[in-house]
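Chain naming follows the written order as A, B, C, D and E, and within any one chain the residues start at number 1.
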């Protein structure tokens, strides 16, 4: 038993992934070298993708890897490079201890409350199956998107268009 | 495997993201931290989708939508950042202080 | 003619209005004619009224509804009683003479018509006061005469002293008026009426007052009050009004200062009529005072004290008018003394004779002042030969004042002294006697300093015209002979005033006391003669008297005392409170405003432009919201 | 769910979301037209947007009062309140676009604003009708992302980008918070459909109350950030100051209206079961929002920031009915609360947009947004001064104006719910607000113009905007009857 | 006659709009319109006054039209809000007072040469507001007009005032603003409490116009006040709310500091309007709502009322002594006088209530007259500081004389309107609080002291050499002075002209409060 959980392959996998995510996240927040940050960022996103896959959401996991670990990370790194003279140098002055502690305390309270609530809730029992769905998640997702979620799906296109046009309008050089 | 560990993980990630958003000085890192918060929410959704008494796919779909929107958000954020950088030559959060009081 | 009584006060009012609108364009003669006619007709009517009343007794009031006032209705109207009729006669007579006198006295003044306006208004108010049928109406006219007095004292407003004196006269009498005001209210609350008859009727049935008292139960004081104390308090408050108007101690301070007004004003208002209104009020409210022994006693004591106190000041004043003014105060004290000991008829008798001889003295003094333009006794002298008529009439007035038989003052003053003695007020009797002595001393001091010796001034003195001398002569006649209407041998006035049996206390004649008072008067004249007819002895005597002289000369320092214990504290408190108002009350308000504004400023600066600060605050906000949410849910 | 799924027919889509289709589809179309038009013809683009808005508005109005239409398969509902919200949104968008046209003549905003505004409004409209978490969230994000861009649109002013970035950071955190909260809702209920959530939650309160409270708190906090409830309001003045004035008006009105609709749906519909417990929390938020908003404005010299704080205060008034609902004795109170909020929202929209319109003109000619810029406005342009007076008096809550009547209705709600103190705080804080509103009034009427005394010439379009807003403000204050009748007859699904 | 009140309220507004339509430079036309716009309603008011039925105690000349309806305002009942007017014995005299004061202010403001157009517009607007306040028969109508006076007053002070006018105007605004807010809370609370009581009582008592229990109609509330009694606890709370509002509105100590500042900084016309009519609103509210509709609350706090009144009476009178500026002096004097009204209301006597109306009217006229004359002399001397004046009787006999009349009227001289007012109030006061009233009567002496002392320093004594050459009142100035003096004398000599109108209503109120 580990934290009250039976030690199975899944459990081990989960804790490994959790470790990766949290450590990467902490690294990302504490490192000052931009390249190191980027690497740990990828760690976080990949870890999350792993969690998704562990939860049977293979498609979502894949999208996570492609969008986050791929596209967004690259976008970030490019932006970092664009807004910085060199890659190796220290990114910026860091936050003061006082501010850091206060922020940490506030967030700690917040997270503690959420954790407390999570712990006290009566969640449904364990699902043993790795894959609870009887069909391929892709099919299910496709069905859902094109039947139940048609409207949001169409809207997302609007969101993306807005983002695209907006980014262009704002980021283009003054004519 | 149970639900709580996933939720706990998400909560912690949410907290970390929030912490990053509120303490990091580089605007890009701030934006990334916000993405981490969104990721936390996605973990929640996917975990719920998995562990619900009647597992349903809606959580996963929701997560997918979120990923798409988050990407759009990041793109816009970076665009505005570039515009800001162009006029101010800085990407420090603390330099966003021309408007106060 | 009795039906025309209302004309008596209305005629001066008409005259007032006529002068108000057209006076500026009228000649002095026209103004005087109108005014004198107005009061003269009133006088003639008054004579007929008196004769009617003498035969008929008091008439029922004639009233009109004025205002619905709670459960009752206030009426306005007039009533002819014996007392009123007498007063009408006295007031119109003196007014006529003073009006006439003023023509010469005020000749050439640029506000001649204004002067007559005020005088007419005054006479209207005074006559209204006299014949009113209810207490509220009396109060109304009471205040109006006060205002006229204010206006007339301040007639020469550009003299700072006159301005101050006018204000002082108004405010000091106002103190008394407030007492009367409250008294009227208390009587109304107790009896449910302002009508004299109703009020007096209730004084014999306390039950209705008892219930009114019960209704006032919310106030602590009323728990301690019985109906008797209520009556006493009401009576005392009414008397306070009288004290103010009649310049009784301790509210006498305004009257001497009021001499800043033109002399005819002093004669009419501050000697014969208005100041006597206090006495008249007590007489009019006589049943009330009879219902309260304590109140009557107070009236007597105040009267007696005032008589001797004012007389003692009169001994040393240098200003001719002030001496006579103190004399007035003193004589009014006599009248109050009479009222206090219950000698209703004696008081009214003295009021009447005093009106004649005091008006005479003032007018004579006015004649002198008019002739030589000074009021300082020590700048006069030897005027006997320049102004024979003035001298003769003044002498008559002085003798009347001193109580030398058979002049008018003797009979009335002696009546009072007798009443005081007979009713057992020996101390007050002694006061009265000493005051009588002082009276003779100071008035003959004036007489000797003015008319005997040699003239010290530069201006050539001469008699005024017929308008001046005629009133003097008429008044001189009255001062000499008016006393005979109520001698112990023939108490005509007593019979007239008491048609329904005796009112108050009417002492029998006492030859011994008469002799004593006559001798006292003669003694006083002798003292005055020895001190003042021959030059320097007075100064030596003054030195010998030392502190007493100083006390008298400085009017017992009452003015200074008031300045120190009333005016100064009030003004100081006012300044202090003004400071408090500005810096503490308003300061608190401004502070509150500033605090609010500072709150705004601090909120303004809390937005420091740092997005992460905003985020941090929001995080705390979220945490608080969560905690509250969980607390509400009963989970935490 | 999933078994009885069927596809939406096109007629269903048209009947349920015709206006949204017109707005968003129109936005796409206008985008294309803008690309195709030559540079010198592009000035017609905003007018196309205006026409689009007008068409959509008429469509809604023509369908108004048609009862409640629920499209369960599309998780979409068309009820009276959503229609009113949409009318409000489109009306405000109409004014904002016109104002932007005016503003553009001086500032050369990129023409993209016209369809960005349409997209944003489309998102806002979706929020008012959606009853699915996904749909609501996507709508919210469409609105948010479009407004982030709009705020940063003025590239010549560095403050614009800064404001946009600030808004983006705060807004994204808020979105993430809301999303996080929504995820718990989904987890407990097992569905993203609000109707099903509401049903599921009825049973879940006994077992999972803690997590539901957390979910509620997170969503509330996120919403609070978006509509700038104290203490989540601090970004507001900065962003308002940075944004181009039309966009500021947009943020102040439409964003808030849409998020209020969101709040209405989620908090009352989904959490309705336990809503009675929340009222005190919301009441306190309302109170501190009113107090801080109005006191914060006291010391402001910049009119835009002042109006930002003022709008914070107004939000306090707007959420008060939510608090009162919690104390309602019966269902009629809820109707009253909803209609009072709706009424005030309309009044608020008109007076706020009007005030910003006047401000934009004054700031333009004077080159300053300070209160001093208004000095002597009455002499320089009486029309603008009088109109501004109407808006300010309405904001301050003086009778004859929509602002007063709206506050009055909210006041009645509080009284009817027995919460007298809330009503008293409402009017007490608006009395404090007199100070700064009348400060502007004073500047306009009392003070002499500083610098040049040249009359300000307001263009016809601006006069139309301002005039219409003023007319509407007065109409709502003088003759609120017809609108009240409309409000009395609308129904809300939930 | 039914619409007369509506016309009275609307005509000034229409005139104001006409003024706005005029070119700014045509001062003559603007002034004429202003005068006509105030005169016509004043004539209507006079007609109404003469036609007033003294035996009837309901609101007369009722004009009511439904303005709007709010559904579900009280439980599921609909609230109908009326635009309504109507007057009774309390409000009729005050409407008349507004007519007199506003007309004369228009005449006085012929002297204003700066921004004439705005000045007349706002004066007319203020006139409308004050008519509306006194003539309103609905809570909503009342409040709406009350707030309109706020705006007009603020701008009138702020534009045409003295050196520190911004400060004074802001103070005016905040104080009266807060007061009106508190008042609104009280008014609506009153309506709600009456609604719930009426609903509860409707089984046993016949309530006209049921089942619209939540009503904003003042006449309906007055009717209900006779039929049902709302719980004592509610009455107490509501009464406190009203009391607080009135204390601020009417500038009672310690909420008074705005009034002296306001008066000190305002110009003469504004002062006449504010002192002459606007400052009567607070006590009108007290009589109209707190006294008439909350009898138990009144009974509970009667002593407090009296004490508060006494404090204002003495405080105002004493501070007035030390006032160096005529306008401050008048302000404190009016605080003192209004305190007397509060004391009398606390007495719960019919006479006290009658006296209250008398005092409101009388003090309105006298304050207007005082401000007018003080302003007229200041126009010539250029100063309001008492110490800089002196001997004005010489050069300005008419103005000084009228000033003296006004001062004496304030002192409570019989024959002028102040006397019967003070007298009635004191009769009421003594009937319930002899000790407090006795203390209050000190103010009669103090009033004589400060007013006559100020007169002595202003009009008496040698002329101050520093003063310029002056010309006495001109024709335009005669009109207000003559009319006001005539009215003051009329009321003083024949108080029945006012008393007959007031009596019936005062009696009805007294019956309600058991006085």
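The rule is simple: a residue touches a chain if its C-beta (ideal position, glycine included) is under 8 Å from a C-beta of that chain, and two chains touch if they have at least 3 such contacts.
Every value quoted in this text rests on a predicted model; they were computed, and no experiment measured them.
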If you walk touching chains, what's the least steps from subunit C to subunit E?
1
Quick check on the contact network: minimum steps from subunit A to subunit E?
2
Looking only at C-beta pairs that count as contacts, which pair of chains has more of them, B-D or B-C?
B-D
On a CA-centroid basis, which chain has its centre farthest from subunit D's?
C
Using the mean of all protein Cα atoms as the middle point, what chain has its own Cα mean nearest that point?
E
If we define chain centres by averaging CA atoms, which chain lands farthest from subunit B? Would you check?
C
The distance between the C-alpha centres of subunit B and subunit E, rounded to whole Å, is 63
Need the CA-centroid distance for the pair subunit A / subunit B, whole Å please.
7
Can you compute the centre-to-centre distance for subunit D and subunit E, using the mean CA position of each chain? Integer Å is fine.
42
Taking each chain's centre as the mean position of its Cα atoms, how many Å separate subunit A from subunit C?
101
Provide the list of subunit E residues touching at least two other chains, using ranges where the numbers run on.
174
What residues in subunit B touch two or more of the other chains?
7, 14, 17-18, 21-23, 27, 31, 42, 47, 52-53, 57-58, 61, 65, 69, 72-73, 76, 79-81, 83, 94, 96, 98-101
Quick check: what residues of subunit C touch more than one other chain, meaning two or more?
604, 607, 609, 611-612, 615-616, 619-620, 622, 626, 630, 635
Kindly provide every pair of chains that touch.
A-B, A-C, A-D, B-C, B-D, C-D, C-E, D-E
Along subunit B, where are the residues that touch subunit A in the complex?
1-9, 11-20, 22-29, 31-33, 35-36, 39, 42-43, 46-47, 49-53, 55, 57-58, 60-61, 63-65, 67-76, 78-83, 85-86, 91-92, 94
Which bits of subunit C are touching subunit A when the two form their complex?
612, 616, 619-620, 622-623, 626-627, 630, 635
Residue numbers on subunit C that touch subunit E, as the complex places them:
65-71, 136, 139-141, 143-144, 147, 150, 154, 157-158, 160, 162-164, 166-167, 170-171, 174-175, 177-178, 181-182, 185-186, 188-189, 212, 215-216, 218-222, 570-571, 573-575, 577-578, 581, 585-586, 588-589, 593
State the interface residues of subunit C toward subunit B in the complex, per the touch definition above.
604-605, 607-612, 615-616, 619
Touching subunit C in the complex: which residues of subunit D?
165-166, 169-170, 173, 177, 209-210, 212-214, 216-218, 220-221, 224-225, 231-232, 234-235, 237-238, 274, 277-278, 280-281, 284-285, 292, 295-300, 309, 432
